Amino acid sequence: MARTIIPFGPQHPVFPEPLHLKLVLEDEIVKEAVPALGYVHRGLEMLADIRDYHQMIQICERVCGICSTIHAQCYCQGIEELMGIEVPARAKFLRVIWAEIHRVQSHLLWLGLFADAFGFESLFMQCWKIRERVMDINEATGGNRVNVSVNIIGGVKRDLAPDMTRWILSELDLVEQEVKRLEKVLLHDYTVKKRTVGKGVLTKDQALELGAVGPTLRGSGVAQDIRQLGYAAYGDLSYTPVVAKDGDAYSRNRVRFLETYQAIALVREAISKLPPGEISVKVKGKPEGEIVSRVEQPRGELMYYIKGNGKKNLDRLRIRTPTFANIPPLLSMLPGIELADVPVIVLSIDPCISCTER
Amino acid sequence: MLNTLLFVLILGPFIAAALCFVVRIRHIRSFIVLAMACLLAAASLLLFVKGPFSHTPPSLLGIPTHWWILWGDDILLFTMLYYGFKHRHLLTKILVIFQIVCLDYFELFMVDHSKTFPLFVADNLSLIMVLIISIVGSLICVFAIPYMDKHEEKEGFQKSRQPKFFAFLVVIMGAMNGLVLSNNIIFMYMFFEVTTLGSFMLISYDRSEIALRNAVRALWMNCLAGAAFIVAMVCAYVTQGTVDAQKLIQAGHMGGIMLTPLALLCFAGLAKAAQIPFQSWLLGAMVAPTPTSALLHSSTMVKAGVYIALRFAPGYAGTFLSQCLAVYGAFTFLAASAMAVSQSNGKKILAYSTIGNLGLIFACAGINTPEAITAGILLIIFHAFSKALLFLCVGDIEQHIGSRDIEFMRGLYAKMPRTAIVALLGIITMMLPPFGVLLSKWMAIEAASKHLFVMVLLAVGSSLMVMYWARWAGILLSAPYGSQVTPERQGVLTRLPLLVLVGGAVVLSLCAPLLYSNLVAPILSAPSFSVRAGIFDNPTGAFLLYPVILVLGLGFICALYAARKARKARTSGPYLSGAQTKDPECFEGPMRKPVAVSSQIYYFESIFGEQRLTVWFNIFGGMFLALLIGGAL
Amino acid sequence: MTEGIIVFNMTPNVLRNFFSKSATRLYPKETRETFGNVRGELYNKIEACIFCRTCARKCPSQCITVDTKEATWQCDPFVCVYCGVCVENCPKKCLYQKNEYRKPAIEKEVIFMKGEIKKEKTEEDQQEK
Amino acid sequence: MKEEVISVTPDTLGNKIAEMKKNGYRFVTMSCVELDSDTVDILYHFDKNLELAHFRLTIPKNEAAPSISPVYFAAFLVENEIQDQFGIRFDGLAIDYNRTLYLEEEVQRAPYCRITVSNVEGSEGD
Amino acid sequence: MIRGAILVTIGVVVAPLLGGLIAGVDRRLTAWFQSRYGPPVWQPFFDVMKLFGKEKLVVNGWQVFCAYIYITAAMLSVVLFFLQSDLLLILFVQAVGAIFLVIGAFSATSPYSQVGANRELIQILTYEPLIILAFVGIYLVTGSFKISQVLLQTKPLLASLPLLYIALCYALTIKLRKSPFDFSTSHHAHQELVKGFLTEYSGPYLALVEIGHWYEVVLILGLCSLFWATSWIGIIVLVGLTYLCEILIDNTMARMTWRWMLGYVWTIGLAMSFVNLIWLHGR
Amino acid sequence: MDTIKTFIRKSRIKSPWLLHFDCGSCNGCDIEVLACLTPVYDIERFGIINVGNPKHADLLLVTGTVNHRNKKVLGNLAEQMPEPKIVVALGSCGLSGGVFREAYNVIGGVDKIIPVDVYVPGCPPKPEAIIDGVVTGLAKFAQKKGDTS
């Protein structure tokens, strides 16, 4: 029987990013989905050859425009570990603050896009409206809405003054209030549940076997989060992973939604415990040796493999981003679903192609 | 004059059939068929001009007519019995033997042949039927001449089976003419049985295993109809003492005494018209060459079924039977439309559409108001033209592209633009205003509006119908991007019937007011509509036929003009998310491989899957039938 | 999980939106003051520049060209990613970023500045050597 | 690296990987590093309850490495990536993009092999 | 005669203007519901005029043909409405347009357009029975399918046809292409099918389709107005409230799938219609 | 006739429908484009709708670097847009390749493939800057001749 074959992307209105899927359908049921990548591949890991290891911070930050600061943080932590640099405590807390603010921003962004994927336009608008407050915090603290560029090797380059932290807290209160108003919609609305519950189920075993990370993994009932390792200042903060057990799009949605509250709480706690002191130390020498550095991005575990050889250019920089790890699980979810659910399920892993392909 | 016309219309085809069978030279056979087609068409027109009549022709060769009939019946039934034995089909044997016994006893010992009454009576309904049978049927026969040559060539038969094929093709037309003109129900019965045998022979034409199986199925189901017919005759004679159809109708249901024969007659009609649960024989008939299907579906055979129901409609007006028939017909309409949705086989879609439309006609007969009867009669006319046209188109397309699957008709416009347009017109005349089928449907729906249940069934059914037609129409027009449209070559004997039929389908729709006021209105108990300036009007509603035609026609001309002008516009391939390759209908897929896009229409197997639905619908249909007969007993 | 299934949960939110002022900033009709330390357009107070090339070397985007002989400082604002690294590293603090963003342009452009050679060398420059 | 890196050979790799899977390790990723003009290191990273484990496979560039994607399906993506970037071939890939995962015809050489260009043509395969 | 001419003019000229205005107000209100400022209410007219000024770009000539038939049929159905003609006839004429639009979509090889066309057919399949049954309800109350008879009523139809009105609102939501039923095409095309069955229509032809859509909106709102045709205030209140509800529903619901729609609307919608009809019948 | 032409011209700048193509951006620019659609910036005020279909679009917003794979897509999209149209390149990446312009798979800015009408610098440009870019583009748009018949 003839089948419908659709190119889903690279340019497609539901995915801002050039994700390309070849979809084979029968009566709108997906029979086969094969991804084609490479539309965003730049080859930026190779830039380590011509940029020194300080300049690479800016490149790493631009692996992705949504969790920019966390990339820089991961990279800096890796180099610091290689070179044996001890970062001042205040810097560690500041890193957490910016990272968690980014997480709030990223999750709100995702909640909106997710809503748009199932055609809930006003919800999309609402999420993004709330998100603008967080973007303002970014711009006010880092000087740019997206690439806050605060991380440097040895610490951070900007500090938060007390009146700034006070303002951040008051803004976050407003954000939290508004997010709370969406709880009834995103977690309990009939139409939302109808479109998400039971869609794209990934069982716990599958999730582990296929190497899922982040909310995709936690949505399948595995309480695993790199923040449990206590890097930066997480060891001093109260943190337990948010978990949902059903493994469907709804569970992943639930995890992210609740993590938004959690991230706000973490920022509050970090600000309240913010120690005084220096924000960076001077760096001497060149990195040598190899290291794996991991942090938790909004989308999950981010891993940098860094190999230095005592020169100012790194020998090898390899970035394994969360979406890269979540694509095999995604492929296992697609067959058998409806065409209309393709955007919902693809978005449910919060895909970021730009960092997947680098 | 009348005698000659009747002779030509009824016996002419039989003689032509005999000639076809005997003279085994292709060209002569073609000539005979052509000549007979012309003759039939001319005779039907002449008969039509003469108008309604009651007439008893002189007996043939001095032998009383009823003897001819008896012999004819016996020959027929014994032939059927022979095939029953040949194919070892028990049910057929039982049914045929039952008929032989009943019929012979009835004719020899019960019927008083000395009573005289006009043997042939024609009112407008009969005349319309004769016209349809003779003209549409003849066109199909003409189309069959080149078609069968190609068909046999393709199938690679050693020995041509065309003589037999054409013989039965024309015989059916004669039988149908006889059926609709007869006033003696024994005559009716005989002609009824001729069509049964004829269809059996035509369906089994290919002699493949499946063809034989389907033919036998058609045979026993129609024998069941025949058996019901005989029982009805006997009952009717017992209560009324006559076999005069006019008298039986006038007698009405007589407080229920006459209801049993009427119900049985309806049953015979329903089985013959392949209403659920008998649809399988008509679907099976698809294995025969397309002209057979066209003939069985449009102007003959199944139309015999609805003809009987309509003919006897006044007899059961206002009874439970009538109510039941209305619901049953509407149910069939819905069921057939639903099942058509899951089909991709073009002929099967047409078959289900036929069943559905016949259901609608039965529903009209059941509703039994003047509006409903008007709707039913008009539907017979318009349906015949459009359906014959569509079948012939599918046949022609199948011979060109090698498939009757509508999925494979994508891009047809590029390969066979003329046929594609003709088929498109056929589809549009089946479903959209201002064309006749829709006009009749409108009448039917308005007439049904008091019958809630019927109404709901019709409303849902007609939407389903729109669905399967619309997508087919769309597919016919799809052409690969930037393709060169090259008109196909067609022989004159292929093109002529198509053109006449499409012309008929369109022009007759325009003449609907004339048809109504001159043909239909006179036979109604009360006029259902007032027609002025092409506007059908009655207190229930109004159909502004001519104004709608005028505006849509103007729009059509503008649209054509604009489409022509748009040829100069820049063209661009379909949107493929920006990934299209040099070939604009391929996109660059994974591994840099070009992937040709393709589309499939939705068959909703999970909702409208044929097999699942068939089971349920057969159960429902059977229940309705039981109710229909049981209620009448 | 105790949540019931309810429809129209979004209603309070949209009604609140409906009855309150829209969140829209009517840019460009109304403009909002930018935050204090925003990293906007990049400029050089060329009088102070000593053409030490630190900025050019440190720039991760390699968009600054300094000609020590001709005493020119050139930056491609279409390549610059406004990261501020050059500003932080300039020994003379002559580079600065405005709070405003650079305006869109119809043509490609470069920032070209010509200054005068000053005799003194910076520490850092010597260090690098 | 903080954790121990266990060296494996193409022959022992299969067993090791199967063992990891049996012990419930999650596949994290692989990293490929060019060592010199002829050899590369392929590192396999695994994780169990946030504990990392690494294997190191050192192989010549023009020799095909065994694919672990039949065991850990998730590895197919990174193996294809390495094929693209280093020109190394993997045997038995679950889905083989045949060096087209990221790259178009325009990028002729394996971009991550900076030390030699000469071997690349040979290792580009069919 | 003069009255007829005036009504025809209203149908042909005023209806699209009204439809465009409604679309503009709709976009503005939607924006307000989303805490946005929104476009000017004249925006739809700018859009259409701009489209008329665009380059003609076609995938195949049949789409052009279909766009013209669509607008003709839509216009005719509105004219018939203003001429107080037969309700069923109006529906059928309107269907000509809807069907031709689908045929046009099928005639292009774009898979988005094809899938959209299939979905549009399902939508037609879903709303047509509801509208027909609403008309039967009207018939049962007035004894006729003619609008002229409806206007002679002294009691608003809504009183006897409340459930049918709700069922009609389902049809209205589908026709207006609003959430949860905006899956064959939607106004802003942020969906899995790009612009669904309108994907391949562009420039002036898209403008025609847009104007045709305005006609349809006026028609279907007109049908709603029949339910309180006894007074102008009634009409305005009923239609205004209905439309406001539509916008609200659009903004408080996710887009559902056609499988859900077919199941839901057919069971709930047909059941409500049937209950209402039986109640009428029994009266 | 002339009034109609003027009205069409006027409509053109009042109703630029937008097509956004992420040509390998880091998402920074992308998300800012999306942010423009949302309540705080609401570019629908200018009649802008994100249509996501080149055949309906007047305004092509491109973010990100051009690479060997997406250059074909970029060309295809521009080709499928009916005249008159304008192309706005966003962010350092879209203008020149930005920080990535020396990476091996990066060709450079958008103007390497299709003519660009407006360049909006920034990394990423703020939504305000994107609005400015669009407004600048519209001024140019009104001048473009197209099929005004």
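In order of appearance the chains are A, B, C, D, E and F, and numbering begins at 1 in each one.
The definition used in the following text is that contacts are C-beta pairs under 8 Å (C-beta built on N, C-alpha and C of every residue); 3 or more make two chains touch, one makes a residue touch a chain.
Predicted, not measured: the structure shown is a model, and the values here were computed from it.
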{"item": "Partner chains that chain E and chain F have in common", "value": "A, B, C"}
{"item": "Partner chains shared by chain D and chain F (touch criterion as defined above)", "value": "A, B"}
{"item": "Leading chain pair when contacts are tallied as C-beta pairs", "value": "B-E"}
{"item": "Chain nearest the global centroid, as defined over all protein CA atoms shown", "value": "E"}
{"item": "Centroid comparison with chain E (C-alpha atoms), farthest chain", "value": "D"}
{"item": "Per Cα centroids, the chain farthest from chain F", "value": "B"}
{"item": "Inter-centroid spacing, chain F versus chain A (mean Cα positions, whole Å)", "value": "27"}
{"item": "Whole-Å gap separating chain A and chain B, where each centre is the average of the chain's CA atoms", "value": "65"}
{"item": "Averaged-CA centre spacing for the pair chain D and chain C, given as whole angstrom", "value": "40"}
{"item": "Whole-Å gap between the CA centroids of chain A and chain D", "value": "26"}
{"item": "Where chain C touches two or more other chains at once, by residue number", "value": "7-10, 14, 17, 22-24, 26, 60-61, 81-83"}
{"item": "Touching two or more other chains - residue numbers and ranges from chain D", "value": "100, 102-104, 111"}
{"item": "Per-residue overlap in chain F, given as positions that touch at least 2 other chains", "value": "21, 38-40, 42, 45, 50-55, 69, 73, 77, 80, 82, 98-99, 102, 104-105, 123, 126"}
{"item": "Touch relationships between chains, expressed as pairs", "value": "A-B, A-C, A-D, A-E, A-F, B-D, B-E, B-F, C-E, C-F, D-F, E-F"}
{"item": "Complex contact set, residues of chain D against chain B", "value": "97-98, 100, 104"}
{"item": "For the chain A and chain B complex, residues of the former touching the latter", "value": "1-12, 20, 22, 25-28, 34-36"}
{"item": "Partner chain D, residues of chain F touching it in the complex", "value": "68-69, 104-105"}
{"item": "Partner chain A, residues of chain E touching it in the complex", "value": "30, 33-36, 111-112, 114-115, 118, 179-180, 182-183, 186, 188-194, 250-260"}
{"item": "Chain E to chain B touching residues, read off their complex", "value": "55-62, 64-69, 71-73, 75-76, 79-80, 85-89, 92-93, 95-96, 99, 102-115, 117-118, 121-122, 124-126, 128-129, 132-133, 136, 139-140, 143-146, 194, 199-200, 262, 270, 273-274, 277-278, 281"}
